[in-house]
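In order of appearance the chains are A, B, C and D, and numbering begins at 1 in each one.
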Amino acid sequence: MKPSNKKSWRYRLHEIIYEADTPMGKLFDIVLLILILLSVLIVMLESVKSIDLKYHNLFYIIEWTITIFFTIEYIARIISVKKPKHYIFSFYGIIDFLSTIPLYLSFILVGSNYLLTVRALRLLRVFRILKITRYIGEGNKLKKALIESRPKIFIFIFAVLIVAIIAGTLMYLIEGEASGFENIPVSIYWCIVTLTTVGFGDIAPVTPAGRLLATLIMILGYGVIAVPTGIVSAQYVRKIPDDYVHVNTLSCRNCLEQKHRDDAEFCHKCGHNLNEEPSQIENT
Amino acid sequence: MKPSNKKSWRYRLHEIIYEADTPMGKLFDIVLLILILLSVLIVMLESVKSIDLKYHNLFYIIEWTITIFFTIEYIARIISVKKPKHYIFSFYGIIDFLSTIPLYLSFILVGSNYLLTVRALRLLRVFRILKITRYIGEGNKLKKALIESRPKIFIFIFAVLIVAIIAGTLMYLIEGEASGFENIPVSIYWCIVTLTTVGFGDIAPVTPAGRLLATLIMILGYGVIAVPTGIVSAQYVRKIPDDYVHVNTLSCRNCLEQKHRDDAEFCHKCGHNLNEEPSQIENT
Amino acid sequence: MKPSNKKSWRYRLHEIIYEADTPMGKLFDIVLLILILLSVLIVMLESVKSIDLKYHNLFYIIEWTITIFFTIEYIARIISVKKPKHYIFSFYGIIDFLSTIPLYLSFILVGSNYLLTVRALRLLRVFRILKITRYIGEGNKLKKALIESRPKIFIFIFAVLIVAIIAGTLMYLIEGEASGFENIPVSIYWCIVTLTTVGFGDIAPVTPAGRLLATLIMILGYGVIAVPTGIVSAQYVRKIPDDYVHVNTLSCRNCLEQKHRDDAEFCHKCGHNLNEEPSQIENT
Amino acid sequence: MKPSNKKSWRYRLHEIIYEADTPMGKLFDIVLLILILLSVLIVMLESVKSIDLKYHNLFYIIEWTITIFFTIEYIARIISVKKPKHYIFSFYGIIDFLSTIPLYLSFILVGSNYLLTVRALRLLRVFRILKITRYIGEGNKLKKALIESRPKIFIFIFAVLIVAIIAGTLMYLIEGEASGFENIPVSIYWCIVTLTTVGFGDIAPVTPAGRLLATLIMILGYGVIAVPTGIVSAQYVRKIPDDYVHVNTLSCRNCLEQKHRDDAEFCHKCGHNLNEEPSQIENT
């Protein structure tokens, strides 16, 4: 499909980095995937004090190795595309930059430990690799179903928020600060915790009136959970699988066979021309 | 569509307030929307002590400005409609009144802080604005699906309540006051918390028998959550296969056969003309 | 429909108690419904100490009045049916007996306070009344859908239990008594609390390994909740509404109209006899 | 169906152990089922200290009886199959071995109490027995629906994990150790507890920013729960409308048109005979 002779080094670099069809491209993707997952794992483990104390130096070395690899990759990506600006300000371009910069900044700035956690965003890069390898075609269907349901989901979340604000205000009035409903925002937070059936229990009504209102909110939430489910179900169910085609109700004048494809020109049973004029049949 | 010349000031006022087609009408709606959201935000923030201490005066000024605007709007709405009484006692008329009055009352009455929270009801006014702009046509579909499912949802909630009352009474007998199941209403409250899978954990069974019953309630709730979801899904999905046709409730005057196709002209059982006048039958 | 002259008193009694078509029958049902709900309300309120202390005597009088009414009703039911034994040992016969007896027993036995709570079972009698008045035809559909899904629901609950027992045993090994996983039954109880997404939080894992296993259980529970919902959804969706009939693919020989009812004998468009032999058409 | 005369003792043994059609085979299955359930019950009860203290000796005797029965059964299974190695390293072969060995090992090793809990795995053997008796044909449908939905469920769990890792990292930054978000893995654990709507409440955000993020996570989880449900619902419901037909992947040798009806004999586009031999084409 592609002209394979006389490739420039930029063309080859682009092929390795952005495509997964060649052996080198595949290898590059796999190495990148492992490094991303490894670096995210290190970000996690560094936050666990007991582990960090033991392996701090090891983590430090791995982290620098990965960062240097990412730096080279970032520069390579810039020089191998035709429009570097287009890449730099794209979604993945920004993610790549944010994935690379924290360690360098921690060198310059003091107390930038929180900055290092930004590296967890590297996980988002996984999506690009999986996209290239088209490992998950299923994801697109899911995405499409969600996008199609977007207006329904938007109005649903809007309704949930209105209910949470009004019910939250009422709970604040009924329960008050003694039960942990300190102010209206906290009350609204509790309402959403309850409506979504999460129910942490850090705040819970104690007065009979508060519990009665809580009961109503819970039953409402119980009934309401059906709505997004119904929406997505319907979205999924409506789809006709690919190995089915729509047929019309015409019948062949020769063999009376029905259910021809909408664009059929000949009968699939007897091979008769479906567009032939009736008069022609009579003449023969 | 409308006669646009020689409009009275009342007509123009009505157009601005009740409609969103003209530039002024749109502007009015947007200003109103912002003021409502701003005032609800202030009600929330006033309940947070630390914020209220800092910005109390600012909130006071904004609140008075908004209230005066709402007062003018309320009067304008009354004088611009043909039947003021019809508006005043309508759902939105009462909401508008309740949205405007609290601040004036707090001036007269002492200790009416709770009264001020009534202003959160202003949020309900958002629905009117969005309704006018028809921003959310999706909402009607959702509403229709819910209304059609109403009898099913009603019977479902009724069944949940019966289960909660009986299971709640049993839990009260088994667990008793020691575990927080103080009395039967509290037990029923706990049952609904559990059945709806919210599970606050402020009350939880501790005896083996209580935990066994709780297990049964939870599995029941788990299975039962499927019911409202199934109902709404079905409402959304419901598609009639192609080999089914809608029938009416007419019956043939000759053979009394029912369930004729909507467009049927002759009875499918006796071949009688369904459109024939009764008198004609008698004559024959 | 029924022979209405010369009714015996037993027939009249039967009509009042067991049927809801006559004015007296309706009145009886409504009075019974109110008394049942009132008595269940009293059982609840008696369990609330502060209320019981205040209104103990009032509750005592109402309870005795209701019990006497129920006693008379129970005797009337026995003497008005042809086969008293059949009634006495039926589901509702036993419920009626259990609803009436506790107060008498509390007179004889000492410390039978718990016995009095049995009166909450009176609530089950509500179903009979509602069944008679056919107030909720929707209930039957729901019931039917549930019964049809029974084998699926059974296998589902069975699978949930197996998962809970194995995961519960593992959690007991991992977490141990220190975190509240006292023994395997408690661990299994916790697993069901988690799988059903109730999550009380009275018991929660604290070790990293325990939390990892808990994560797996939760994601499993999250995926698994889809199963009963899908089952009931499918059960609901498959039903064709009553005002649709199945049609065949035959076409009328006279006007070529299609989609006739399966049992149609005449074309609904032109009234032509659909069963006429082709030869007959040619002859005319 | 089987040649019933001159059966060897090995054949008879195989029939009893592996099949359920003969009276002996059925009896064997039932006895095995009871012993498995009894032994799992004992594993559970042994973990409850108060019960274990009372009945320790009884449990000990029953356990040994069951273990000896299982040992004999294990040996019988090995000698009655043609390829013993095939059985020993099969899934059920390993389960059978693990079910039998712990008690013997506890005799040899000291402090192997934890080992004894492995006996809970015996429960998995229940599946084999139920499989043989084909008691639950429903299970296969469920299994099939789950397997078909596997790629969708996989991508869904993958998305949930990515969300949990990123949101967990953010919560760790916002809330910190003071609120129980000790490190990133714990934060991720909390995120999954929240996304799956379990909500233990052992860890809960306390800062306004943390609660705001928690609200977003909960609403996301609420919307997202719809996805697996929708997937499974669709799998169950999926019905192809009548005006669609299934097509195969053959292409016409004459015009290369694809998607022919399964029973098509002629190409619907060019009328070519689809069943014609390649050689015939060349000859013409």
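Going forward, a residue touches a chain if its C-beta (ideal position, glycine included) is under 8 Å from a C-beta of that chain, and two chains touch if they have at least 3 such contacts.
Keep in mind it's a predicted model, so treat the numbers as computed, not measured.
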item: Fraction-based call for chain D against chain C, same above half, different below; value: different
item: Chain whose average C-alpha position is farthest from chain A's own; value: C
item: Centre-of-Cα separation between chain C and chain B, whole angstrom; value: 27
item: Inter-chain centre distance, chain A versus chain B - centres from mean C-alpha coordinates, in Å; value: 31
item: CA centroid of chain B to CA centroid of chain D, Å; value: 42
item: Chain C residues counted as touching two or more neighbouring chains; value: 156, 185, 197-201, 225, 229, 231, 233-234, 237, 249
item: Residue ranges of chain B in contact with chain A within the complex; value: 40, 43-44, 47-49, 114, 117, 120-121, 123-124, 126-127, 136, 138-139, 141-142, 145-146, 153, 156-157, 160, 185-186, 189, 192-193, 195-202, 225, 228-237, 239
item: List of chain C residues in touch with chain D within their complex; value: 151-152, 154-156, 158-159, 162, 165-166, 169, 172-173, 182-185, 188, 194, 197-201, 204, 206, 208, 211-212, 214-215, 218-219, 221-223, 225-227, 229-231, 233-234, 237-238
item: Parts of chain B lying in touch with chain D, wherever the complex brings them together; value: 197-201, 229, 233, 237, 239, 241-243
